[in-house]
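Once you scroll down, you'll see the structures, which are given as structure tokens.
In what comes next, subunit A is part of two complexes: it sits with subunit B in the first one and with subunit C in the second one.
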Partner chain A sequence: MIDARTSIPPSRQAFLPRDGLGRLFTALQADGREVIGPTVRDGAIVYEPLDDATALPYGVAARSEPGRYRLETGDPERAFDYGVGLTPWKRVTFPPVVPLTTTVDDEPGLVQAVVPHRRAVALIGVRACELAAIATQDRVLRAGPAGDVDHAARQSGTLVVAVECAAALSTCFCTSMGTGPEVEDGADIVLSEVDGGFTVRARTPDGERVVDGLSLPAAGDEPVAQATAQVAAVRAAIGDPLPTDGLADRLRANPDHPRWAEVAERCLACTNCTLVCPTCFCTSVTVASDLDGVAASTERTWDSCFTLGFGRIAGDANFRPKVADRYRQWLTHKFSTWWDQFGSSGCVGCGRCITWCPVGIDVREELLAIAGPTEPVGPIPWPIAPADGHAPAPLATVAPARYATVHVSAVRRETADTITLRLATADTGLLASRPGQFVMVAQAAQTVPPISISRIRPDGLELTVRNVGPATAALTSLGPGARLSVRGPFGRPWPVESAQGGDVVIVGGGIGLAPLRPVIDAIMRERHRYRALYVYLGARTPRDRLFVDEVQAIAGRTDLEVAEIVDRAGPEWFGRVGVVTQLLDQATWTGERTTAFICGPDRMMQATARAIAARGVAVDRTWVTLERNMACGVGLCGHCQLGPYFVCRDGPVFSLAELGDTFTVEGR
Partner chain B sequence: MDTRFGTLEELIANRFAADLPASGRRALARIARLEVLAPGTVALREGRPTERLGVVIDGRLSVRTRVPGHPDVTLLTLEPGDVFGWSAVLDGTATSSVVALRESTVMVFDRGDLMRVVEGNAGVAAVVYRRLLKTVADRLVRTRLQLLDVYGPGRVAR
Partner chain C sequence: MPAPAQRPVRTSPTRPRIGVVKLASCDGCQLTLLDLEDELLAIAERVDIVEFAEATSNRSSGPFDILFVEGSVSTPEQADEIIKLRAATTTLVTIGACATSGGIQALRNWTDHDAVRSMVYPDPSYVESLATATPVADHVSVDLELRGCPISPDQLRELVTAVLVGRRPMLPDEAVCAECKRRGIVCVAVADGLTCLGPVTRTGCGALCPAYGRGCYGCFGPRESANAPGLAGWLVQDRPPAEVARSFALFNAWSPAFRAVIDASGGPPGPIDRATIPETSDA
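And now, the complex of A and B:
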């Protein structure tokens, strides 16, 4: 660990007298920046826009315990002796509400992305753990395939003045997480509050420009020594309350630990912990419109994986219905799968989640109980990284935040509740779609559902949509000539080419045939590159079968085998009745050289995967496409997380080898 | 006898109970016979005594149940290798009807003959009951999946 103080000689550290703090404010404001810093409001330290240095919390100290926070009288000469404030800095860099889209004034029904505005701000009083949090959230929000444009704009306009901690709260554990209390990287200017003023270190050209403008004297040895001693005392006071060696592995190896149920009994699922967490980034989209639905807008709002609806999808399915599921998701993500996704822990040890938990749940205590050094490390239930040979999808050729306008050129009714829209577009990004990818389809005054591409045409796409809610109801009522706003394509495609030279098995259940249709198209276009092709299709009733004419057409060919089955039928149906796995029971092929592509309801895919495995198809050649709440399409909103993956970004197509038991265990 | 499908002993091995020893296959073959069912033939009738156990050799049969006031509902279809009439070894009352959907060939064992063989030969009984248990267990699992498909949320337009 690099000690910043030793990297900058004392002679290069300046000294800012206490009464000179106002000059720093003035200099920052003269630089065109709004200054945001700590102040007292409603009995707590919060970070808010400040007019001048007098608003800082002079003479205020804080006491923090699990479920308890109190301000106390401190040294009247000192402004930064409160530990960390209630509000995380993400309120500035990743605000609770951000406009996303508006309708296009002269184009009814179409939407456009809001262009973010760069805002110049200076954050003053940022702690070491908070710098780490800003950096952590920055890694999340800049991760591919598309970063958060609003966050990027805000970050680019932010200057950070850090203040090293001179006091520790009982809830602090930055030392365990390796994020503090010494300030390392991430600040433009670093202050240490000492007797009579502050030592000042400029760490970036922007910081140097501000500090040089203050014409400060050199700090001298004594203030620097005091600053060093103060932060060393803070480190000693905190100790190492949460040993983290092996913690990530132990945590993921204990998904069934009884403590999850115990903590769920205490947890209120109130979301306080995620709202005060400086790295939590889960969001949802809210829609507002005028009464006739013509003028509408959407906003991105903070959300939490603790809410009941966070894992819910249309049709009222919910992938994390229990509090225990949601608590495990949050804690396991923070301390384990965050490493898989972003190369660091998702926790910086600020302790806010402990302080502001109304029932005083202490994550340090829970982690030690579930995954402490004495807890066993069993088999790791999912692999660290996606299997080799199936890289993430290529980036979309359009900015994923941008909507392309497409025209509905034809509508075909498939079943009573399902239609196929043929969309015409010249958008090169959409035309570059690949089998298994999806698009986000926006309509004024509706949520934006992800829809699988059911056919890729030279002049556009086909989307097969089942009416399961308001947004899809609106889509299924469209007629030829309608226009839509579409962004994408998103997600990792089916690895169709990897099946060349071998046999292919395609198993579709219900509307699960829609994302498999481009696979069949791709294979039929280059039929000679594949050996045997078996297509097994299930539907609820004969009337619920999709693409009936097309299926009958390929069933008549001699170079592939098609079998259908329905769950329920009357005496007029002479085909098979039962579940799709029965078709596999009747099969005579073996799977040594076989690749399987499966799509349908989760339970159908699980049963099919077992039947496929019984025929000898390898788990790394058995592919499924998962259904989760995919709200943003690019791994930024958190809704579709499954173990170490975001389904929208890392999937939706996965091999069984990649999924491990996350595919079959409830609540993941 | 129709020889397209092999001997009864071979059919017992290939379609019904591969793990039966040769003596057991011979014992069952002595009481088995093949029947050809025309489309619409009722092989078992719901609520009536189940007088025989059947194994589908060729064709397709439907397992149907009555719904008063409505047409029969097909619960599942039977393909080659599937067993029907498992209740023959229990109380002997058919829980559903079995109807040929197309011309089908079935191997059948009369209940009385079958019970005589299994009750007189513990080895055969173990294999036959295991086979019937698997038939019932498979149907239970499939029925669960069917219930989920029919009444569950299904997959939505993703």
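And now, the complex of A and C:
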């Protein structure tokens, strides 16, 4: 444990007398900053804008237990003896509601991103665990391929004054998570509250500028020693309530532990734990409009993986219907898969989720029961880490908040509920799209669905859209000349080139043929680079088949094989009736040098994957594309999490080797 | 089981015919419509309000593109009427706790109906009511519901806008807690030890009661995945079981999730002992 004080000699530490705290506030305000710090409201410590130092919680201590929090009388001379407050600091750097888009005046139907504004603030009273949380969330929100511009603007305008803990709550476990109680990095200024005032350490040039302006005397040895002793006492009081050695692996090794079902009986899935968590970052998008749907706006609001709607996709399918699924997702993400995604734990040990759980569920207890030192470690059925070469494709042109305007140049009706929009654009980012990628398609007053690209043209894209809800209903009713606002392209493409020199099997079910069509296009353009090509297509009925004329055209060629089958048909259909795996059952090829690309409903893909494996195709050459709830496209909103992955960013194309049993087990 | 309905096709895509009717209810939810003062004229310009006894002398028995139904089914006459209304309606929207879960009057569902009638009326033979007050969805299929006692003007505005624009209305089914935390309200359950139904209640009120230091009364009824037994199991640790059951036995008592807690506590809550009602209560 590095003690920040040891790197700064006592002579470099200043002393701020208690009555000088007001001068610090004035200095921060003179710097043009709003000061946000702890104060008492409605029986709790909350972090709010403060006019001056008198609003700080002098003489207040706190007691917290699972599901219970009470303020108590403390030393009237001291202002920072309350542990951590209710409010996570993300309220400032990642607010509950942020405007995302508005419609464009005089450009009906088009939307534009709201330009984030930078606000200069100073946070006072930030604890060591909270500094770790700010850094952790910052890593998440700046992660590739494109960070959260609103957060970046807010974070860059923030000056942090940390106050080291001199009192612990029973719910604290920063010591176990390695984040505190000693303050090391992340603050501009570090205070320790001691008799008569504060020791002061400036840790950054910004912090130094503020401290120098106060013209403080040097701290003597005694206050510095007191500060050291205080924080050491806090460390001793907390102990090590959650041994974390091996915890991440054991947690992933126990997705079927009976305790998940047991805790789900107590868990209310009320979202409190995630909303007080200082690192949770999941959000949803809400739409508002005037009565005519002309002037419209979208906002991003805090959401939670505990809600039913979080895993819901168009057509009301849901990937995490049970509370046990949601609790496992939250805890496993926080303590295990966060490491894969962001190189750290997602938990900093602040204990808010324990205190503010209305039924007192203690994550430390649950973790010890599910993944304690005596629980088994392996084998881990969960995907362990993104496979080599799994990093998202270089997408330097993606700006997640930027919308390109595209023109509908043609509309082709495919089936009763499905159309293909031909979009013209000069946007270089969109024109660089690759097979398997998708775009987010915005229309005024509608939600913004992800739509797979069904053809990449020199002058634009094609999107094949099935009417499954209001937003896609509006898209399928567009005519030539309409304009749309589009973000993208997003996601990792099909690794088409990796199949060169070998055989290729393409299996599409229903609308699943749409994202495979660019794969066929790419192979046909360079047909000589690939050996045999087999295309197997399934549809509900003959009338639900997509791209009928194109399929017929390639079916006439001699250098590939096309087979079609439908679930049910009338007498007009002379082809085969059944499920798509029946086509595979009769194939004669074997799969040593074969790459398979599969897209369709989940169950169809699972059955196809089994049939493909039976023919000897390796799991790392069998590729599927997953449908999840995707709202941002760049791994920021959290909806599409699957084990260590964000489906939108790390997929939607995955090999079966990468997915492990998340591909077949419900609720993951 | 909801009666299968032959639904009329919407009369005009641009100018929907809207009706507002009531069954057994207090009219409070209908008043919320009239409280949309800033939008009322704009809405009236875009729709034809053909039936709304609280607001207009226009009367119609349909067809309705959108019909807002307030109140629970409490009499034989209402049970017949709702089936006729359903047949005349494209989009049927139930509004308020009475229509969506039976309302406060559904407390009688646990009692001896005849005994209650005799207690209240000197000559109960003139009172023709059903033994139960039940939600509209028990009788006919319902397309959309607005919860609450009363409904939220914001949610009503959103529903009308979404229907006019042609999108799915944003009517969150999450817990009141989510709204509390977004608003930065201190949790009255954890910090004050109050009984609060927020964790199992659907949002929509904007966390009104917790914002004023009161526990949630569950006006919007159960949220999705409402674990009411889980909350009750926590509350009974330091409260009498009857008190816990009673906190669920309000406007949405007959909703399946809350009913389960009431039934598990040994049946319906008994008569309220007035001495136990806190001074602060308006009761």
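Just so it is clear, the second predicted complex is superposed on the first by the 659 of 668 C-alpha atoms of A that agree within 3 Å, B and C clash if a C-alpha of one lies under 4 Å from a C-alpha of the other, contacts with A are read in each partner's own complex, and residues count from 1 in each chain.
To be clear about the criterion, contacts are C-beta pairs under 8 Å (C-beta built on N, C-alpha and C of every residue); 3 or more make two chains touch, one makes a residue touch a chain.
Remember, it's a predicted structure, so these values are computed and weren't measured experimentally.
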Subunit B and subunit C placed together on subunit A: clash or fit? fit
TODO: Scan A:586 for contacts with subunit B and subunit C and give back first, second, both or neither.
DONE: first
*Have a look at where A:291 lands relative to subunit B and subunit C in the superposition and call it first, second, both or neither.*
second
Check: subunit B-subunit A-subunit C angle from CA centres, nearest 10 degrees, reads 80
### Message
Taking the superposition on A as described, I'd like to know which of subunit B and subunit C A:267 touches: first, second, both or neither.
### Response
second
- prompt: A:449 contacts which: subunit B (first), subunit C (second), both, neither?
  reply: first
Discussion item. According to the stated criteria, A:372 is in contact with first (subunit B), second (subunit C), both, or neither; which is it?
Written reply: neither
- First (subunit B), second (subunit C), both or neither: which does A:67 touch? second
- Query: Looking at the overlay, what does A:241 touch: subunit B (first), subunit C (second), both, or neither?
  - Reply: neither
* To do: Would you sort A:630 into first (subunit B), second (subunit C), both or neither based on which partner it touches?
  => first
Superposition result for subunit B with subunit C: lowest C-alpha separation, Å, rounded to 16
Overlap of the subunit B and subunit C interfaces on subunit A comprises residues 469
As the complex stands, subunit C meets subunit A at residues 39, 42-43, 46, 158, 160-161, 164-168, 170, 172-175, 177-178, 181-193, 196, 198-200, 213, 224-225, 227, 230-231, 233-234
So, in the complex, the side of subunit A touching subunit B is made of residues 313-317, 418, 438, 449-452, 464-469, 472, 509-512, 514-515, 538, 540, 565, 567-571, 573-579, 581-582, 585-586, 599-604, 607, 625, 627, 630, 652
Subunit B contacts subunit A in the complex at 60, 62-64, 71-77, 79-81, 101-102, 141-142, 145-146, 148-150, 152-158
Subunit A residues touching subunit C in their complex are 41-44, 46, 48, 67-70, 86-87, 91, 96-97, 265-272, 275-276, 286-293, 301-304, 307-309, 323, 355-360, 445-447, 469-471, 473-474
